[in-house]
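In order of appearance the chains are A, B, C, D, E and F, and numbering begins at 1 in each one.
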Amino acid sequence: MKKQMVGNLKVGDEVETQAVILELNRAAFTSAQRAGEFFLKLTLGDVSGRVKAVMWDPPAGDEAVTAGDVVFLRGTVNEYHGPQVVVSDLKKLDKTKVNRAFFQPVSERDIEEMAAELQAVIKEEIADTDLRTLLEAFFGEPEFMRRFSQAPAARTIHHNCVGGLLEHTLEVVALCRGLADLYPGGQINRDLLLAGAILHDIGKLEEYRQDSISFEFSDRGKLVGHISIGKEMLDQRLAGLPDFPADLKLELEHMLLTHHGQRDWGSPEVPKTVNAFALFHADLVSARMNQFTGIMKNHPEGGGDWTEWDRFLERSIYMGRAGEERED
Amino acid sequence: MKKQMVGNLKVGDEVETQAVILELNRAAFTSAQRAGEFFLKLTLGDVSGRVKAVMWDPPAGDEAVTAGDVVFLRGTVNEYHGPQVVVSDLKKLDKTKVNRAFFQPVSERDIEEMAAELQAVIKEEIADTDLRTLLEAFFGEPEFMRRFSQAPAARTIHHNCVGGLLEHTLEVVALCRGLADLYPGGQINRDLLLAGAILHDIGKLEEYRQDSISFEFSDRGKLVGHISIGKEMLDQRLAGLPDFPADLKLELEHMLLTHHGQRDWGSPEVPKTVNAFALFHADLVSARMNQFTGIMKNHPEGGGDWTEWDRFLERSIYMGRAGEERED
Amino acid sequence: MKKQMVGNLKVGDEVETQAVILELNRAAFTSAQRAGEFFLKLTLGDVSGRVKAVMWDPPAGDEAVTAGDVVFLRGTVNEYHGPQVVVSDLKKLDKTKVNRAFFQPVSERDIEEMAAELQAVIKEEIADTDLRTLLEAFFGEPEFMRRFSQAPAARTIHHNCVGGLLEHTLEVVALCRGLADLYPGGQINRDLLLAGAILHDIGKLEEYRQDSISFEFSDRGKLVGHISIGKEMLDQRLAGLPDFPADLKLELEHMLLTHHGQRDWGSPEVPKTVNAFALFHADLVSARMNQFTGIMKNHPEGGGDWTEWDRFLERSIYMGRAGEERED
Amino acid sequence: MKKQMVGNLKVGDEVETQAVILELNRAAFTSAQRAGEFFLKLTLGDVSGRVKAVMWDPPAGDEAVTAGDVVFLRGTVNEYHGPQVVVSDLKKLDKTKVNRAFFQPVSERDIEEMAAELQAVIKEEIADTDLRTLLEAFFGEPEFMRRFSQAPAARTIHHNCVGGLLEHTLEVVALCRGLADLYPGGQINRDLLLAGAILHDIGKLEEYRQDSISFEFSDRGKLVGHISIGKEMLDQRLAGLPDFPADLKLELEHMLLTHHGQRDWGSPEVPKTVNAFALFHADLVSARMNQFTGIMKNHPEGGGDWTEWDRFLERSIYMGRAGEERED
Amino acid sequence: MKKQMVGNLKVGDEVETQAVILELNRAAFTSAQRAGEFFLKLTLGDVSGRVKAVMWDPPAGDEAVTAGDVVFLRGTVNEYHGPQVVVSDLKKLDKTKVNRAFFQPVSERDIEEMAAELQAVIKEEIADTDLRTLLEAFFGEPEFMRRFSQAPAARTIHHNCVGGLLEHTLEVVALCRGLADLYPGGQINRDLLLAGAILHDIGKLEEYRQDSISFEFSDRGKLVGHISIGKEMLDQRLAGLPDFPADLKLELEHMLLTHHGQRDWGSPEVPKTVNAFALFHADLVSARMNQFTGIMKNHPEGGGDWTEWDRFLERSIYMGRAGEERED
Amino acid sequence: MKKQMVGNLKVGDEVETQAVILELNRAAFTSAQRAGEFFLKLTLGDVSGRVKAVMWDPPAGDEAVTAGDVVFLRGTVNEYHGPQVVVSDLKKLDKTKVNRAFFQPVSERDIEEMAAELQAVIKEEIADTDLRTLLEAFFGEPEFMRRFSQAPAARTIHHNCVGGLLEHTLEVVALCRGLADLYPGGQINRDLLLAGAILHDIGKLEEYRQDSISFEFSDRGKLVGHISIGKEMLDQRLAGLPDFPADLKLELEHMLLTHHGQRDWGSPEVPKTVNAFALFHADLVSARMNQFTGIMKNHPEGGGDWTEWDRFLERSIYMGRAGEERED
């Protein structure tokens, strides 16, 4: 059955589709005859947007639902300060079995293709045997590769989609490759820089709740953070490679820990090697360019020359496209 | 033989003692007959202070000395912009065999006594079996305990002495105990708080070069930092305790990572649990009170009511002791 | 008559109780027949919470009411976007005669007990005669003691309740006592430190409007501030103690002025004596620990592991209680 | 006898003059025959500058001198890395009796004239009886007026000279008068603004040590600060004027406390009345313009178009005088 | 016909007036019979305030209206969460022909009078021929003078009204004149300072859209900014005065570029000449005093002693007028 | 004649070479027989370093020398706290005729080659006719190209050498090219981005004194700054291209003005177009990578694993080259 997208529902539509419960409030009836009973006020979502809903006779006990659940529902859309679904029927689904593409935005680039590109970088560009062995210990493991390919790179700001981490990682690799070309003075260790680029955000795999359809942070993500988790994952993997050189380990740890570049941006130390310094700048440029172009992509057609104020970038963006219209 | 203290050397003294080479510069002779030869300009130190020295015919080859070496030397003190030792003879010593008390300031409190106090806290105050087992895994190991007892707590600012880490740790334990008493609402987990207090600075053991007589940072200390090293030491130790509860592990990791309280003070995350928050404040108060009272201790008798400007605290301190003289 | 708590009112209830008017707006009727007349939209409050209300025929002239008034009211609760009291009858009460416990949260600790504890500190712990005399000049005066016992310690953040100032003061005393024990080097003057702890916030007595049931700031509180008011109160009291030593006066003034620790936190100077420095840290720890545990107390049962975002602490707090459930 | 200015001493000069001892170090002889004896290394100063000096047989016991003393000395100038006075004879003078103009820079404007101008402002411009009475209570007292006329306005940055406080006060009065003219909307209370301008820095009288020839801060100045001292002086004076209106008192207190404009500039509160806000800006402009023009005045003739870097203003100043040379 | 002011409309009024469309949203009908059609939700404004409006049958095609348009409208006011105009008829007007005084606040001072005052400053106070010639090249041009007289000085904070730029410019001139009087040491070049004051904000003429009735920024205003636009206008004008001295040009450019005083306030360089430094302070004081007194002017009669919190000044303002009531 | 490099001079050498006078002080003789006469203390420099010098009988009148002059000198090197040239003969040279390569460091890359590369970018990569015409108007002018090729990119931090501007510009072009490749979404206008990269620092040509052998700032450089000078140069050039599209002009102006990215880094506006945003990041990365690798290049062989503290980067850099030694 084709999915009805909640962002397209109109007053009068009959609804029979899947959705994720984004918000759920239990509200008491005020009429005397239903005193002590409750109904549900819901916000339902999928990749197309969100819609309000109400359910007068919600399921209880084992069948009760909660925020974060994915459900199958039946109902009708009526008007109540905009469209609102009156839900007649609601059934919790097994989150691990639903089609995530209904609920999570997916990278514009093909995930398979990106995964292959990353594997090629490891195989073809990393000449150093120790580093390549380490990378293969991670990315040669199918389950690791699967999770890495599904993870987002960030919750709200940049690369927030399935495949986002992969896309961001490839961008950082490309930027690091460019820097290695541009500064050929022998200071940068190209293999080390690319390896650091590939590994820098591995901690993101545990920063998000795997079971969350809406990319929520895990408790560990909030209490430990992807930088320290990443270093821990590196240490664990290296524990299985006893011959890995200590100096390379030290540089890689330093690169992972310092890739945010400044203490107040979450790195416990600042980059003190040229490879860590280059990685930090590549990560910064990737994150910031995506933030900027992401705002442009979200700007509606016909929305005028200026985007809404963005509180992270602290500016509106000018969309005027000088020179372009004349080219055809 | 009794050690001659370099801080007490006077013009005319014959010198025959041990010292650490704090600075060493090779300087070329300008006279024609010694063209191409070098002499040494040195700064020698021990726990009493520092003195300039010069050596016209320095040892070479295997016997050459470098900054950081501990040496036995013979010479005479003459005047050259203040006292200067003209060294006639110089021999490198095995740093691991010298009496460190000659070269490193030692905590005012007795180290044995402090070590016993810490063991008592672990044995008598930590009721939680998991936490006590973990602490004993660290502090029950004699080599760990020896290194912990010798380590300084900081390079330049507070508790900068042998035993400093032990002294600081006990202060933080005492302050945490006080906070647990003061906030009995059941929010603070006393055992966890004390365990965190005991463990919070274990990473300091590897932040300093063990072979350095003047508490120099190790490369790892500078590239990884004691906060991340501490978390790593905790992870390694817990790998040997497979039944340790995951929730306690998460809280302890969080406490270690956040004990500097703010990102720009070097913690990759801020304290988000009440135990981590209490630990941060206890650590802060111990560090700051020691900084302040340390400046007062260094203020010379008869140096007036105001100390020198301190660039870390950004103030001079008023030494006037109101009310005290009247009490006798 | 037992007070009906406004936080518990339900649709259909008959109301006959006291409340404070938190907000009051006069609104014009839009129907022709009542053109030129006004009705009242109100927010009513007490210690249990707040409720909307409407009054169609409000009292006028001398009997008119305004925000901040405490009133006796009669009415019925109906539903209008949630419960709303339709007020039929409303009478202003003499604010000084109502039971403040109905309108202001009260410290969890017993006020009498805390007052006795404070008196005991003055009597038993302050050996210095001058300091004890000064403290008794303040706290031996029943009216001062009464006001001190009723005052809150802060408007919105910590210790915001009747008795809050007393509770906060005792916490700061306890923390200072701990610091005096921990740093026995003779630098801290214990009597002076405890006296400063007891006096540090006396200016709070005039920072709040005495007649305000909702802890509003007085004009003087906003224009002069509790730090400068406190110094002024100290100066006035000392004017009556001509033999009080000048050096103790200077230290106490300095402690009161600097107890916020930094200029941008409202202290016109930074602490430059060890007693002022210790007091600042004790005050900081008390304020911050209360802020943190206060958020935890307000977190609803079943509200999940994470509290709402707190804009003062700039974080959510993790409520997970590691290790605790296993202890029973 | 005419004063020899130390800034003009040349090698070979015989010296017989007064000077203030800016720095004094006791140094041990290194020769055997004078072992245990000391000589003095001095820096001597007067309003013209400073010069090094040495004294081989310094006075001892009651006649010993210390930094801050004003002395009469005899000696000869020889060359030792520049001119150095070899002092043969040295006698402490009574600081209160020397001609301060030898040692302290004096305002370029005539002090008598400025004092008269200030009195005229009080008499002729302050129409409000209460305010005029208050001002006369201060400035009608000859001793207060004498001290006010002698005080500097700042230690190192602006108006650092005898009469500096008077000069600065008149500038602030003039700027406030201009603001009252420019904003005639009835918001500014001209009498109150001028009174605040006259009183804003009275605390400076006790911020400097009266006995110090080099404008050193007093202990109270450093521990309490001129802002809180000023408020205290105002309170004391008002205690003798029981009919002074409470609302005027509140505004004046607010103006004194907030005239630095921001908390991190030392005001415990920010200006919240238009009079306090205007006063802050007038004070700021006077201080900053004097800082800037002071650097220009100190720039030597022929020193080029750019001054030295100024670390307070964080810039060099361009002295180029566009347009001026063409005007004659 | 007299304009009906939208801020005064009451339920039941018949409306026949001009207004500017501040906001416009097209909304779909939800009833079946009008499916696919739209109605307009509007916010209409004029200088008196704003009002909601709805139009069920909006004009289409060439007669369609959009936000920013000025319209003539007919309708009736009914009640829908407050007054709402039901518009029956709506016609776009030629914005350049409407009476701007209906839509834009106008300076309290008479614009003709201010313009004459500015011309007099140029003619009578600027003795330097080059500078006067330059100023006349700008202000002698009627179109420039017309636009200068109509421009606001700022979008939201100070002098936001027709004539605001002129009023602000005269204030800055007056403040600079006062500074030139106060610092007669020959450092300030009075003619240059006044010329800079007159010219400092000329870039504002192109920072706002000329066709906007609500002072919206132009694209150039947002992308280039009035500081750089002002420098460009100066350069263009000077290109027509080939004999203008290069040193004066350099100083004027510097003054225009640096009049915001700090980099983070938008000046690409800091003031490095005394004239630029004085101009910056005069501009600052004018802007800040207007901000402050503007908040006071907007405070409603009977609104109590304290204004609303102002997020730019980060404070509430105390309106209490000490001393004033006693003066009559 | 081959140039003797001052950095290589040794005690006893006879000197006959060119040098630039970096510092010059006139000092008075202290001996009676030469009273009133002066000698010169000099610091002489060339690209190899600097050396002290003294000249007892300096040339006077028209032949007098000053700091910044390039001279031909004869003398001998003796020892005075290190080598010092006793100058017997000194003659000012025409700065425009000397071989600048003796006095100014030169880019490691060949200038001709870089110039050709830049011309190729303009000719081959810029498809937009308007932009290419503009770039050719600048870089097709031989004098402009000569100056552009000789200019440094920065005074002290990065690319401080002849050809530095060219080298930096090509790096920024390369980084922008990489960003255009990486973000092919159609948002970036590649031609515009590359044109902005080529033009972004043209203002540097007038930021430095052309006649200065040591890259000193010009007065205009300090008072106007290269950002505003660059915009002015662009405006002037565009004045000669009347058909240049206004939208492209606006974008280019915006790119030049905002390429420092933040107000406190000297840009009067922040980047609000994607092209300006990309250019800022490319410029930042080029500047920062050069700063970092420059410190590494200056680190002496055998200087240990850590560089000196760098006050701009606020860190020492770790030189350890993990993985590299194993590769051969």
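Definition applied: a residue touches a chain if its C-beta (ideal position, glycine included) is under 8 Å from a C-beta of that chain, and two chains touch if they have at least 3 such contacts.
No experiment lies behind these values; they were computed from the predicted model shown.
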item	value
Contacts common to chain A and chain D (chain labels)	B, C, E, F
Angle of rotation relating chain A to chain E [CA atoms, steps of 5 degrees]	120
Equivalent interface to A-C, taken from A-E, B-C or D-E so that over half of the residue contact pairs match	A-E
D-E or B-D - the one linked by more C-beta pairs in contact	D-E
Averaged-CA centre spacing for the pair chain F and chain A, given as whole angstrom	43
Residues of chain C engaged with two or more neighbouring chains	219, 222-223, 250-251, 254, 272-273, 316, 318, 320
Which pairs of chains touch, using the document's own definition	A-B, A-C, A-E, A-F, B-C, B-D, B-F, C-D, C-E, D-E, D-F, E-F
Footprint of chain A on chain C - complex, ascending	11-12, 79, 305-306, 316, 318, 320
For the chain B and chain C complex, residues of the former touching the latter	128, 130-131, 171, 174-175, 178-179, 181-183, 185, 187, 189, 191-192, 245, 247-248, 250-251, 254, 270, 272-274, 277-278, 281, 284-285, 288-289, 292-293, 296-297, 314-318, 320-324, 326-327
Chain B residues within the chain F interface of the complex	30, 32, 219, 222-223
Residues on chain F engaged by chain E in the complex (per definition of touch)	219-220, 222-225, 227-228, 231-232, 235, 250-251, 253-254, 257, 263-269, 272-273
